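Listed next: structures, encoded as structure tokens.
What follows is chain A paired twice: with chain B in the first complex and chain C in the second.
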Partner chain A sequence: MAEPLTPIEQTGRSMAARVVVVLVMLVYILGLFLFRRFNPNFPVVYTPIEDHFKYGSIGSEAATGPVADGIPYWIWRVLPDMFPDKLSGNGYASFGFVFEPGQDVPIGFGRRRVYIDRLGMNCAICHTGTVRDTPGSTPRIYLGMPANTFDMQSYLRFLIACVSDSRFTADNVVRAIKARTSLDPLETLVYQQAVYATREVLLERAGQLSFMSSRPDWGPGRVDTFNPYKTVQFNFPMDNDHSVGATDLPSIWNQAPRIGMHLHWDGNNDLLEERDKSAALGAGVTPVTIDLKSIQRVEDWLLDGLQAPKYPYAIDENLAAQGAAVYKSHCGGCHDFGSAYVGKVTPIEEIGTDRGRLDSYTYDFAANMNLLYAGYPWRFTHFRKTNGYANMPLDGVWLRAPYLHNGSVPTLRDLLEDPAARPKTFYRGYDVYDRTKAGFVSDVSQENGRKYFLYDTALPGNGNGGHLYGTQLSPGEKDALVEYMKKL
Partner chain B sequence: MNQFSYFRSHRFRRLLVVSLVLIACVGAFFWYKLFRKVITVYADPVEHFKYGSIGVEAPAGIPYWIWVVLPRIFADKLPGAGGYVALGASWEMGKEMPIGFTKEIVGIPRVGVNCAGCHTTSVRTSPNEAPQFYFGGATSRFQPQGYVRFLFACAHDDRFTSANIMKAILAIYDMPMVDRVLYRYLIIPATKRELLKTEKVDYYWMPERPDWGPGRTDMNPFQREVMRLPDDHVVGSTDVMAIWNERAHENMLHHSDGLNSTLTESVRSAALAAGATKSSIDIPALDRVEAWLRDLPAPKYPFAIDQALAARGQPIFAQQCAACHAFGGARTGTVVSIAEVGTDLNRNKSWPQSSADAFNKWADGYPWAFHHFRSSDGYLSVPLEGVWLRAPYLHNGSVPNMRELLLPPGERSKVFYRGYDVYDQANMGFVSAGPQAELEGFRYDTSVVGNSNQGHSYGSDLSAADKQALMEYLKTL
Partner chain C sequence: MDDIIFQPLRFRNLTVKNRIFRSNISGRFDNFDGSGSNTRLNWEEKFARGGVGAILSSFVAVSIHGRIMPNYATIDSDDKIPFWREVGNRVHAHDCRFILQLSHSGRQQDVPGVENQFRKPLSSTGSIELFDGFVPQMMSREDIRQTIHDFGQGARRAREAGLDGVETHSANGYLFTQFLSSGINNRKDEYGGSLENRARFLLEAIAEIRKQVGDDFHVQVKINGNDYGNAVFPWEGKGNTVEDTIQICRWLEEAGVDAVHISGGSSFPHPFNPPGGFPVDWALRTFDVMLSSGIYTFRRYVIFRYRLLRPIFNFFWNRNKPDIVEGINADVARQIKSHLKIPVLVTGGFQTASIIRRYIGEGYCDAVSIARALVANNDLVKIFASGKDIPDRPCTHCNKCLVNAIKNPLGCYELSRFDGDYDRMIEEVMSVFHPSPFDPVPAEGGD
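What follows is the complex of A and B.
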């Protein structure tokens, strides 16, 4: 039995108890405060699906692995302040990002607090574009269309150039941040560390992407889908891989009728969900950080919520009616929903378009993709090596210029010409619509300080040959066909 | 009270019981996490052949997550891009493991190998396409030596640390906390230790011998790794053999020098060389493979055959080849002495009678003990079903294609590339020269010990037209 306590002992005990209670409360409050301030996983959530698509997080911000693209928000904000010399124009707009009024980040960036607020890319970065009626009009934003103005490669190169610069130091970055906002001492400390972590991640990425320098530039609206994947996911050496895989970005609306089709330009996968999880890896998620619920929301909406936008200009209905017959006999068999060959792969020998993208997706790589998402029930099981390019449905095709898998033909009307008569060079990234030829105006080299990208069909991977269907039609039939296709 | 009273007290007994229960729990935990076996049973015999366990995982399995990340961390130690595919692994679309690689739970998921790694032939018709796989053939691409050397090289590297490997694993997999602790403190260090030990104890003899290259193996694993016979410094490089249609081979000898007269013992001993042990070898699993091999047909030539030309080749075959190579031939499936056939003698010399005697005693006491090993003075005259797929030719794979095999030995290629799986229809074999073959293939030098391309000059004096007809006929086999 314990002895009864003396009054002094009793007082001592209750004092101690009070101190403990106060301490516990203090620790709790401090913990709450720290958790609010430095939550390890707190995405910004948007209720309207369009906002979720534009600004929602898919899990690409987290920095748990070596392959995370998340950049601390404030570092991202001040890079253009610190390195205007590395920009060809005005701030991030010079990369062709789509900014909405009142937003501090462009469409395509999700935000999540992973100790500090970070930005990561989402689906909209490559799948939202703009159209202007005339050079003076306000751009109209179309969700789900190919990001016709966005130059992903230049953006990546800018980030890498910034962190490689000797001016990219913790002191300089924090000073630049403090010029825009206030940081308390704790945040200052955290951001100083984040500068080094960001540099480390981006320099690792720079090494993995160094092979890009020996290949033609992508230009706006294009990405090399699978070559970066080889090095980022698997560390494949690229010494003997000279493939050029740059392709045009696709539209992603109206996915329901695409279920079961061979997806991606070469038809290397026939499961929407895998195609999407693969694209998410490209946007910077890892199998650990991917936000499946967020992606599911986008997927559900893309199935039938988001439809191909209607052509907004006048259509000559008589001419279109003539074109309908031409379309039916020349195009529908491969491109109509429900047709025999839609969503199937046409062998390269037959389609005859540039084989760069096809050859960039190798059997070795496809085999290794079987281990992506290993350990999870959604491990990839549908990737395969094909021998051609898949026949795409043409819903909203008016918005999907330039054409062919590598975006080598600026307009629909040009696509109906014999390859020798198609433009050998043209400009990409400009968003004023060409209603005559159906596509974007492609002869503007610069406007208001923004330079557009000269696409040269003579470069490797950029060939504009093949897909001769319809090239033998009369000029009148071609005009009619183009008029009809505006209605798709 | 005496000095032992505490040990008789109720309190002590309670402590004892609690301790025993605790020890049992800890024991059960480690048994569950490190030794518990859950082996997948594949109902389909082809799937069983491709992915089923033969008992290699427990003694020699690589923990799955280490196996997944090694090619990404140590990509510089592989011969090129492609992870395990760079070592010639055949990987079907959608499958978690390459053909010939098993994933089974021995405490944790571990990766072993089985028969199919060396006995699946990969064939492409052009470089930029997915290969076709033929089961039961001899691998055209896989490098068993390259695989073990890759693992050893990783284990030697300073980057093979728990920190690095866990970083790579956790970047792609949210591993449960218990497994993280086991991997970090137990499994990764033990794997490194075991690999280095295997290299030193089982494969010490390998560095002094010429590289096998893709599609070849060696008799030394039987003698050094399995039986621990002292090193005789003999080179045993040998082309992997096709193992289909075994029922028709029932009364023939097996292996290129005919070192065993039973299929059963050949299958089981091969499993031991692949890493199974006396206690781990899965005899029922091997019996299933064996039963399937008995009736597995040799694949038909998948390209066009000029039937008229082949018909002209048939009597030439009957006259020149059939006695030794046709089913029913007087000498088919028997050993032809080196003195007569004249091919490289190393492989034959690498399996002396002493090795056969040792193997015949090695597993005494086991129901599957060996009794039919022997040695010979030459090489087996094999039946030629599916011969189109069995290039390069001769027991050591020293002649790239059939056209060259019909040349006088002095005119055959002294150097060629093997391991490139694009088929060469004109010459009947795999493409063995040119930039892509050089890039993807292994430089085979016939002047290296064990690699001679001499001998077997049968048919070399035929006319060009007769050779062409004979080759066309051989495609029909």
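What follows is the complex of A and C.
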């Protein structure tokens, strides 16, 4: 039989137990506090699907190792304060980001706490654009539309230039942050470390993207989809790869009817889910950090929720009716949902458009892509090398200017001209709509300090030839066809 | 002789030959079970021989559950009467009176002893004592009734033993203080709350004592003038003030108490009682016997043990400690005496004849009680009688006797009083064990 305890021993033990309980609670509270404050993986979540699309995180800020890819929020905020000399205009707006009133970050940035709040790009960064009726109008924001104003290449170059600058030191950055907000000593310490970690990440990215300097600039609304992919995901040597793969950003609405079609400009994959996960990698996620649940929310909405926006201006219905007939005989066979050739690849010899983007996607690259997500049920298996460009459905085509895969033709009306008569150069990034020719006004070089990008069709990858369908129509038929296509 | 010190003090039922009482003090001289020893007889007799008018016994527990530590003679049963009768005889032989202090530790149980090992000490409160961490049990009405009965029986036994009176130990943090003090008593029943309620337990005990000993037996009460409950820890209750004590003493007087004996301090020891130093080095050597007694005793031991921590103890212990030692309670006694007709005794650092004379002469008190100065000079009264104002080797009030008492034989441990001769000091301390029944030749007292 165990001997009893004296009252002193009993009380001592119960007090010791209480001390242990209190200590455990204190440790728990401290842990909770530190976890809340420095959570290693805590995305900001939005309930409305539109907000989730615009500001939700898809995992591009998360950490694959000790260093997170996301840019610490406050570092991002103060870069324009610290380096106004590296901007051509007014802050981040000079890169054509779409800002909504009351928001401190533009559409297309998700936020996640990875020890500190970090920003990472999401789907909306490339798939949200704006339209102005006139230069004085307020821009209308269209979700799912190609990001017609956003110059991703300039933005990346700005970030790299900032962290490469000798002024980018922990002391300077923290001082700049403290000019905008207060940091407690613990946060100050974390931010000081984050400055160097951010520099490491971006300098590594700079090395991977160094090949960009030997190719024509992308300009707003365009991205070289797969060449950065080669170096960032696979460390492909680019010494002998001189391909130019810059393409126009696509719209992403109305995805349900696209199931089974060959997706991407060259039709290299016919599975929506793989196309989407691949695009997320382009936005900055990694196979480890990808937030599948978040992306699934976006996919579900794109499948059934988001439809192509209606043309908001007046349409000459008589003219459009004439155009409908022309469309049916000259276009519908390849571009209508349900038609024989929609979503299928037309050989390059037949379509005749610039082959830069097609050639940038190689067999080796397709084989490597099919190794991505190895070990997971969603491992890529559908990537393939094609020999042409896919016939895209034309829903909401009025918002998808400039046209052709490389965005080399500013308006629908121009596309119906013989290549020789299409504009040799034009400006990109301007969002005032050209209701006559159906596309964005493309002859404005600058406005209110923002300079627009001069697109030169003579440069490699920028060719505006090919796709001769409709070029032989009469001017009246062409006008009618354009009028009809506004309704698509 | 005109000297007021040597004027008899007449109580209602007792006359004492002079105004020097030996105050309550003893060592762990007795048997573990509370039966008395020959050493105790020696201890009490040497003060009687030294000339004090009366001896106030040390803490005499009315029950084993209420003792402060083993090896102190108790009066918890009738079989203890013969021992106390012998104590009385020894003392009376020197024309000295013997007043037995009826005591109950309450929660302030320094060493519970094996009989009490598995039961909590009783108290007015269930709150843990803050200095040593004694863990008490709040007394039920039945506990109160039984304890009052124990006090009555203790008084009866004292009278049957032929002793000259009893004193209830209602001061210094023991059970009665735990009821009286507003800083300790947190009861919600008729024994807690108002002063009247807090005094109920003591007054009921006095009534029971009177019932047992009759009206013609000397009964006095030792009580705190002030509790100074927050003297050490500021977060503790301040406790009773002299105004409260005056009211309690008035009720005691009405209840037939023959005298009050004024002390101070809501615990024992306390910065105010016994006044003087606190010899931490000696405390470290003896405090180990208390290590298992309270949940904070180890903390205190560690503070004693490591010199770097001692400032913590010194800060709390000394932060309110008064400079005065001799007559520390005199002014409070004067205030109390001014409201009473019965005589007032006072304790606290007395050693100088002229000072004692002045306090008695000026009506601060009717007599003084002395413990440590008599331990140092057992014949202090004779020294006064010889015309000296203060002994040649006076008590230094270092309190080394106090901290040794829990582990070693009680005596004076102030080496400076023995010219640095440690062996001589120990020899003096050990002298209390003689004469022993087994001594081949009586060492002294053969007359």
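The rule we apply is simple: the second predicted complex is superposed on the first by the 461 of 488 C-alpha atoms of A that agree within 3 Å, B and C clash if a C-alpha of one lies under 4 Å from a C-alpha of the other, contacts with A are read in each partner's own complex, and residues count from 1 in each chain.
Here is the rule we use: a contact is a pair of C-beta atoms (placed from the backbone, for glycine too) under 8 Å apart; a residue touches a chain by one contact, two chains touch by 3 or more.
Source: prediction; values computed, not measured.
Once the two complexes are overlaid on the shared chain, A:A321 sits clear of chain B and of chain C alike.
Shared-chain residue A:V27: touches no atom of chain B or chain C.
The larger set of touched chain A residues comes from B, when the choice is between chain B and chain C. In the superposed pair of complexes, A:A374 makes contact with chain B only, with no contact to chain C. Once the two complexes are laid over each other on the shared chain, residue contacts for A:P7 go to chain C alone; chain B is not touched.
In the superposition on chain A, contact of A:N387 is made with chain B only, not with chain C. In the superposed model, A:A17 makes contact with neither chain B nor chain C. Residues 4, 6-8, 11-12, 15 of chain A are the ones touching chain C in the complex. Note for the complex: chain C touches chain A at residues 117-120, 128, 133, 135, 137, 292-295. Those residues of chain A that touch chain B in the shared complex are 64-67, 230, 233-238, 240-241, 286-288, 355, 358-359, 362-368, 370-371, 374-376, 379-387. Contacts from chain B toward chain A in the complex involve residues 65, 68, 71-73, 75-76, 80-83, 85-86, 89, 91, 93-96, 98, 128-131, 167-168, 170-175, 439.
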